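Please go over the structures that come below.
In the two assemblies presented below, subunit A is common to both, partnered first by subunit B and then by subunit C.
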Partner chain A sequence: MSFTSPLFYVVLVPAVAVFYWFSGRWRAIYLLALSYAFYALSSRVYLVLLIVASAAVYALGLAIAKSNGERAKQAYLAVGVAAVIAVIVAFKAAGAWRGFLLPLGVSFYSFKLISYLIEVYWDDEAVERDPIVFFLFPAFFPQIISGPIQRPEPFFTQMRAIMARSLNADQIETGFRFILGGLMMKTLVGDRLGAFIETIDQSHTNYSYGVMLTTVACYTLQLYADFSGYTNIALGIGKLFGVEGPPNFNAPFLAVNIQDMWRRWHMSLTLWLTDYLFTPLSMSLRDYGQAGLIGAICLNMIIIGVWHGFTLNYLVFGILHAVFLSVTVLILGELARRKRAAGKAKAPPTPGWRPPGALLRVLGAALTFALMSFSQIFFHSETFSQATSILAQLAGAAPSGSTGWSDMPAYFSVPAWICMGVALYVGAGAPGARGLFGSLNRTAPNWLQYGVCLFLLSVLSTEGSGQFIYGQF
Partner chain B sequence: MEKSEIESRLTPIFRDVFNDDALVVTEGMTAAEVPTWDSLSNINMIIAVEKAFGVKFSIKDVRNLKNVGELLDLIKRKAA
Partner chain C sequence: MGNSSEPDYDGALNGIETSRERMAGLRLFGVLAASLVVALILSAAVCLLPENDYQKWQLQDPDGRLRWIYERIHFDPTPIDVAIVGPSRAQLGLSAAAIEQDLAQRGKRVNVANFAMLGSGRDLQWAILDELFKAKSPKVVVLEVDEEPYPFGHFLFKHVGLTEAIVFPPSPFLHNYLYNLAYLPIRKLKLFGANLFPGLFGLTKEFDPKHYAENRTDYSTSFIGDGKLVDMEHRVSRDTLLAEPREPVPRTRFARLLTRINGGEDHLFIEKIAREAKAHGTQLVFVHLPMFEGPRTVSDEDFLKQFGPVLNYGDLAPRDELFENWSHLNHAGAMNASARLADAIAGLKL
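Up next, the complex of A and B:
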């Protein structure tokens, strides 16, 4: 069941109300039952897989913590991680080559399970002995569909606190605010951009070069609106039950280079890879100097690509980012070296005009957005030939059509521009919004603001809303 | 090696790696306080420290570090 489905909310509201009747351990038991029921709606067979995987990792975690020898710990870790990875790889391969439907959230809950095993291997005390709390960690339904990928320790700590403390109304208000904001971003902005893109995609060679260029920018904007919308809904639902999840986005369109972009985009995945793949890998390759570092970066980015699916398009997406990121890291490293060398020599600043910092930041953000959108051609396209056909048109190797913006009906083009503006504004950290709401709060009480949002949501929702892009991974 | 000695030898390494000439290493310092301290410069810092003190860290050693004070303890232990 999707987080945009009306039926979901019809069930969610009483489900939250019932949660507040329970106290202590029953809260965790109830949440586990809710999570398994939610999963069973998608597939009962795969629910068994989730439970078996959780049970295996639970047992392996206990075994790692109990064994004294480093060898035994390593063996248990290797068995567990290899088994979980084998499951993901098998399903991703079956999905890409046989059109198999992936088990709900397998890419996300498997990463949670792997991080748990590694954490216990690194520190025995990270082990979770309470089976209810442990089984809830991968299954927790607000995060099951597409993350965010929470770490074991913050989740376990919060669940223990939830079982011990009294619940308050504040968390319900914050939760609903996140859900409301997420739904608006997803259904009012993301889905409209999605409908616009779909129309252009169907016959992109009929449209002018300018329209095509804007559409490619829309790939990034739509993905942001869709996935940040989903994330806020997921975080909001978690908050209703008192669980704070990790963020996925931090004003990504303010990123001044690709390295910065990946610190702000799908953060729960990139931080996961940083901790469990990039850092160990670059540590073991550290004797190879720059080449080792670049190797670690490239492998990391290619895995980010194919994690989305075993297709040529996602591979190309990963390789592009491996190149972008490696080049960025090398340039930034060289610039820092030069700056330090100049600083040490106490050289006077070279005379002449220097571009102001703000201008450089804007140019950097524009270039980063362009590179991201370029890679989105592969991420977004259904097939490799569709991607190359769009690319050919953008490169001028294939002719563009004659339909420009002015040839489109206003009811089609105007909403698209508005949605692009909103996605860009929010993705740039909504500058000035805090001040605006500060002055708005003096005249309009919260209930009125929520009311306006609900009104907008009800009158502006489009037909056919609902599918989340990240639901397929 | 005394902790204060390690601390004073760390400062120039940190200034170099994190590209900040005003940086002074203290025991309570964490990555969050240094804007340029990210996953990449963290690896560079580890490599520079290993070279300077002639020690070798494992991923497990490095992973559990909470602040610079724990790094000092780790260097002291490894260099002993």
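Up next, the complex of A and C:
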């Protein structure tokens, strides 16, 4: 059942009401049953895999916490992490080479389980002994499709709090608002951009250079609208059950370089990898200086790439970002070094015109967006040859078609431009929106705003909305 | 002793807390309920917007057939004496031109229009006939019937059905009722916009005779469908026909339950068609075109017979030389079925 299906919400509303009708520990039991039921709708066989994986990690967590010797702890950790990674690798490999359908959310709940084992290894106190609360952690249905990847400790703390307290009306209303916003972003913007891209993809060589360039930019905008929309829906549903999840996006189109972009894009994954892979790796490679740092960056980014799937396209996507990020880190390091040197020498400022900071930021954001969109050619394309064909067209090595924007019917091009504008505006932090909503809140009550949003959703959604891009990972 | 007379501050505080939470919960419920009401009121208000019928019949029309049907009925002055409606089996399996020619040879000059189109669902066929009765006076309406009545509505009905017909159908227990109803505000809003800015929505308000003349009206000869050539003359081997994957009509529990309650969407709309036909003095004829090696009987023949004769061409089912694929007749099959239908029509009082 998709988060964009009206039927899902018809079921969700009474499910939330029943949740608050229960009290204490029954709430967690009910939420676990609900999460497993949701998963079973996708696959009963893979539900068994989820339960077995959860049980194994639960047992290993207890064993790590109980062990006194460092070697025993390391052995349990290694077994647990290796087993979970083996599951991901096996399914990703089977998916890439045999066309096997991935179990729902396997990448996301595996990351949660790994983080739990590492946290317990670092600190025995992080162990969760309550099996219901623990089993709920990987299975929590609002986050299982595509995250966000929540850390164990905040989740366990919140679950214990929910069992103790009663309904929080403000949190539920905020959750409802998140769901509305997410649905609008996903179905009104992301899906429309998706329909536009799909049409161009069918015969991209027929379209002019300008159209293709805009379409490549659309890859990034659509992914943002789709994934940030999903994230808001997931966060909103979590709030309905009293769980605050971590954010995934922070105005990514304001990023002034690729390093900044990764701090704002799919943040829960980036932070996970930074904490559990990049930081330990760069610490162990620090003796090698900048080469060690670059090595850690490359490995991290390539893992991000192939985590999406074992295909050449995702590998190239990872390598491209490894290169972009390494170059960025080197340039920023050099600039910082020069600044420090200049500060020590107290040299007078160089005479002549210098670009203002705002202009530099705009140029940086534009370049970052261009690099991101360039890498999206590989991320978006179904095959490597499709990606190279688009690249050849953009590089002028293959001819472009004659169909330009002016040749397209208005009902096709105008919605695409509007959606591009909205995605860019929201992805740039929706400048001015706070003031606008502030004045709107003073004039229109919440129920009226929500009602209008529900109406817009019902009349402007495209048919066939539903699939989330990140649902396949 | 002294403690028992002290006020219970904890209990009172808990009580205040509980009532505050209850109030917050009620307020939240009120906000959510009010927002739903606002959305419903706006949707209902949008449903009152006017729509241009010509644009409505172009709204969802990938192969231009609905637009052609509307144009044939309203813009083409040629009368329509015999109208054929049904799914693609009738679209490919009956030739209006062949029937006209056959009847002309018998000295009967009649105009036949084949309005059958892709997809099953009697509600759309009713919508087409309802439109037909507004402008023309057909003497005979031919309805194609399958072995089993189709339990759902047509996927295009929500685009062309009259607003009243969608809001107040012959029975509220229709499989597609909520689906059609939920789409109505979307359609109204689109058509309202299209009425103001036809170019922006790609829905014309002006009849273009040249465009109309270019339409294909007869599908019993080869044609391009979905970018592929459908070769109606090509002889398909028996083995190929048998090996083709067949798509059974989904018989969901919900559909079965609704059929038990309302008698089935197919029958409801056939009754509606029969009432309108009677009011206009039009004769109904039912034709069954079989699937290759499919059932040769019509399960609800007794029901249909109360409204008109049932012409069962189930005997064509085993003849592989007459099929283009497992569910459609080819050119030879269409000529065979059209000749038999012409024969039957010739026997009617026209």
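As a convention for this text, the second predicted complex is superposed on the first by the 473 of 473 C-alpha atoms of A that agree within 3 Å, B and C clash if a C-alpha of one lies under 4 Å from a C-alpha of the other, contacts with A are read in each partner's own complex, and residues count from 1 in each chain.
The working rule: contacts are C-beta pairs under 8 Å (C-beta built on N, C-alpha and C of every residue); 3 or more make two chains touch, one makes a residue touch a chain.
If you're wondering where the values come from, they're calculated on a predicted model, not measured in any experiment.
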Subunit B and subunit C placed together on subunit A: clash or fit? fit
A:Asp123 in the overlay: touching subunit B, subunit C, both, or neither? Say first, second, both or neither. first
Of subunit B and subunit C, the partner touching more residues of subunit A is C
Requested in this report: Considering only touches as defined above, state whether A:Ala55 meets subunit B (first), subunit C (second), both or neither.
Outcome: neither
* Asked: After lining up the shared chain so the two structures overlap, which partner does A:Lys339 touch, if you call subunit B first and subunit C second: first, second, both or neither?
  -> first
Once both structures are overlaid, the C-alpha centre of subunit A sees subunit B and subunit C separated by an angle, to the nearest 10 degrees, of 170
Worksheet item: Thinking of the overlay built on chain A, is A:Ala164 touched by subunit B (first), by subunit C (second), by both, or by neither?
Response: neither
Check: Given the touch rule stated above, what does A:Leu448 touch, subunit B (first), subunit C (second), both, or neither?
Finding: second
> If you stack the two complexes on chain A, which partner ends up touching A:Leu101: first (subunit B), second (subunit C), both, or neither?
Replying inline: neither
For subunit B relative to subunit C post-fit, closest CA-CA distance rounded to the angstrom comes to 35
As the complex stands, subunit C meets subunit A at residues 18, 21, 24-25, 27-28, 30-32, 34-39, 41-43, 46, 182, 185-186, 189, 199-202
So, in the complex, the side of subunit B touching subunit A is made of residues 16, 19, 21, 38-40, 42-43, 46-47, 50, 57, 59-60, 62-64
In their shared complex, subunit C is touched by residues of subunit A numbered 6, 166-167, 169-170, 172-173, 176, 409-411, 414, 446-455, 458-460
Subunit A contacts subunit B in the complex at 122-123, 259, 263, 274-275, 278-280, 282-284, 286, 293, 329, 336, 339-340, 343
